[in-house]
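A, B and C are the chain letters, set down in written order, and residue numbers restart from 1 in every chain.
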Amino acid sequence: MLRVENISVRCGVATTLQDVSFSLGSGRALAVVGESGAGKSTLIGAILGLVPCASGQISWHGAPVCQCHPALVMQEPRAAFNPRLSLRRSVMEPVVAQKMQPDLNRLDQLCQGLELDTGLLDRHPSEVSIGQAQRVGILRALIAAPPLVLFDEPLSALDAVTQKHTARLIAQMQMQEGFAALIVTHDLGYAAAFADDIAVLRAGQVAEYGAAHAFVAAPQTAYGRKLRDAAFALGALEHVA
Amino acid sequence: MRIFAELVLRAAVVLTGVALATFALLWHAPGDPALAIAEARHGTVVSKEVLDLIRAEAGFDTGFWTAFWAWLSPLLIGDFGQSSVTGRHVWPDLVTAMSYTFPLALISLAIGLVVSVPLALVATRKPGSWMDRGAVALASIGVAIPAFWLGLLLILLFAVHLGWLPAMGAQTKAHAVLPALTLALGIAASLTRILRSGILEARTQTFLPAFYRRGVAAGDVARDHIAPHAAIPVVTVLGLELAFLLEGLVVVEVIFARPGLGSFLVNAIYARDFPKVQAVVIIAAVIFVTVNLLIDVIYRSLDPRMDRRDA
Amino acid sequence: MRSVGVLVVLFLLLMLFGPIMAPHDPTAINIPNRLRPPGDAWMLGTDALGRDILSRLLHGARWSLGLAFVVSVLSLIIGTCIGLIAAQGGRLADWIAMRTTDTFLAFPELIAAVVIAGVLGAGTGTLIFALTVTGWMRYARVARGIGLSVGTRGYVVQARLAGLSPLAIARWHYLPSLLPSLTVVWTGMFARAILGISTLGFLGFGVQPPLPEWGTMLLDARIHMRSTPLQMIWPGLAVVVSVLAINLAGDALRDALAEQKETA
């Protein structure tokens, strides 16, 4: 279980996160929703230990998060791969780094689940489409079977059709693999459709936190209502409600 | 202001580092320094008592840090100590040496600028023209010629062959001509290269066509927009030029037998007169660090972006 | 890259086969035939001890170019390591590495090399030490500068998350990005090392006679400047041609890389 307790992050004089708390159980999905500048990326950095916290605690089953080797799926699919190496090398990096036995069956199985042709892995990042690159990114995140996977705006670099496809695949993989997923997104429709819980982040603070269906049905704060109504107006929540 | 303070602090740290490194080097020099001093003073046969006396006097019998502090603390108030060979104070000799070195350095730098600035301007008027290529070729060759060889060639031509100028010593002004030329040619060559690429780069700035299209006079554009841009790389490499100049000075003074800082240093090394070596090293480091500090400040005023970046 | 490759091969050939092509023993003293002008038996004449100048020049390539090569590669390795430690090791490591670099840069490198080589006593080992200790800083600065920007890239973050060791990250993710720029710096430093070795040799702090290093040869030739001025031309010319060739190759390489960056 991922526990984030009262963390604050300062960047220079500005406070980018203030007193943020939530938890995420094994195998569950939590969406962190907010506008740009709300502190979503900082939150990911803090959980992964890339950004130092001024105060508060983050733990995975009582131990530091980095010990469980969490994986990250990035917003920019191509930037997540070294342009000089083949995708296969990058994908196998976590396996090599954690001195695990390379399991080709698992690779094939994951490729199948992500609807990837294994031959694609011998190409370089610039030789595949953005959508393919993002699916390879998810493949790399899952290859070492991490118990916790963070998604930093996993869909926002993709076009609408690919977004739907990728979103479906992420949901399937979570069912299949059973990892805990933390998804940071500005897309409430996606968050509501995929996540068990939703945390609304606003100006570095948690404005609202609760079950996804409850939030969509009846937001507790004015800001939450505004967000939901905007999503409704765009037609993003029709299939949820 | 905070940045300025940090730069000064850095300079202080760096100078302390140089002092420590120099002292450590000399401390670990092979051979018995006391024996070297004794031989220089009293001839080849010396008694053990004399050696012990010298060791105590020079602080060789104390630990490294004690000896380092014994050298550094007078240095902080400008006392460079005494020559271990002659016993004379180092400072007056150092001043004499500097009085030969500084004018030569300044004249060489001036000639270098006078040659390189017009050359770079003419060359960049039409990039790729025969003038430009000629200037680039000359500069490339000039950079590749070691100062000691150029000096020897000049002596060969003007002193030995033509007999126009004196080669050795520093008695008259004419004695400074060949050393100054040697240094100036090297400086001019490297400055021309840097200025040329600086001007060309400034010209390709994307905002310039907009000025020309709006009808701003070409001269004004050159003065207000090209010059500051071209100045930035020049200011950046001035530190390198200074290093080049100081290095050239050592060689040139040795070749032309001029009693400046360079000869002072080389002779002190030959004689293993370490207080003198330390003094020259510290003087050179102070000059070098101070000039670079000034360059840094000028650089930041030319390119305000530098303020926000961690340099 | 090609021009540098060709150049490296050429110089390696000269270092390997130069001595074989030499018509005479470079250290064989032949007093009756001292200070001979260029002629049939001695293509470039003989020096004050009657040694064949051409043979000495060809053997000298091994010293002047070979030592410069060793020095520039050693400093490349040291400088890159320090730069990568600064870029990868966090704030404190960065501060220490950069202030160390500043300290070593706070003194004209060649003068520092003269002091070090002079104080430690002349010799080939001291020479390599003196020039390497004073020659790694530029590599460190370049490696750190590029390294810092590489460190923020997605794939480096991923590698760190994956738990890859800093050494492996440096090898697979940092080094490939550093290599082109470091090669350009290396060409410049190779040229500088040639100048440094010949200057130290000329001042008497470098390769010691009777070894035929070009700067040391000039020191010998200087005494007989009036009687045999030509003797002074050849070693200097050898230094200039080598340095010029390396600098030109370096310029070509830099332009090629800049072009590559623009089209990419």
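Assume a contact is a pair of C-beta atoms (placed from the backbone, for glycine too) under 8 Å apart; a residue touches a chain by one contact, two chains touch by 3 or more.
This is a predicted model, so every value here is computed, not measured.
Chemist: When you take the mean of every protein CA atom shown, which chain's own CA mean is nearest to it?
Modeler: Answer by centroid distance: C.
Chemist: Among the chains, which has its CA centre at the largest distance from subunit A's?
Modeler: Chain centre farthest from subunit A's centre: B.
Chemist: Between subunit A and subunit C, tell me the centre distance in angstrom, where each centre is the average of that chain's C-alpha atoms.
Modeler: 50
Chemist: Whole-Å distance, subunit B centre to subunit C centre, using C-alpha means?
Modeler: Computed value for the inter-centroid distance: 21 Å.
Chemist: If you average the CA atoms of subunit A and of subunit B, how many Å lie between those two points?
Modeler: 57
Chemist: Which bits of subunit C are touching subunit B when the two form their complex?
Modeler: 99-100, 102-103, 106-111, 114-116, 118-121, 191, 195, 198-199, 202-203, 205, 215, 218, 222, 225-226, 229, 232, 236, 239-241, 243-244, 247-248
Chemist: Quick one: in the complex, what on subunit B touches subunit C?
Modeler: Within the complex, subunit B touches subunit C at residues 10, 13-15, 17-18, 21-22, 25-26, 29-31, 140-141, 143-149, 152-153, 155-156, 160-161, 242-244, 246-247, 250-251, 254, 265-266, 269-270, 272, 274, 277, 281, 284-285, 288-289, 292.
Chemist: If we count contacts the way the header does, which residues on subunit A are in touch with subunit C in the complex?
Modeler: 48, 50, 69-72, 74, 76, 79-82, 84-85, 90, 93-94, 96-98, 140, 144
Chemist: Under the definition above, what is the set of subunit C residues touching subunit A in their complex?
Modeler: Result: residues 153-155, 157-159, 161-165, 168, 172-173, 176 of subunit C touch subunit A.
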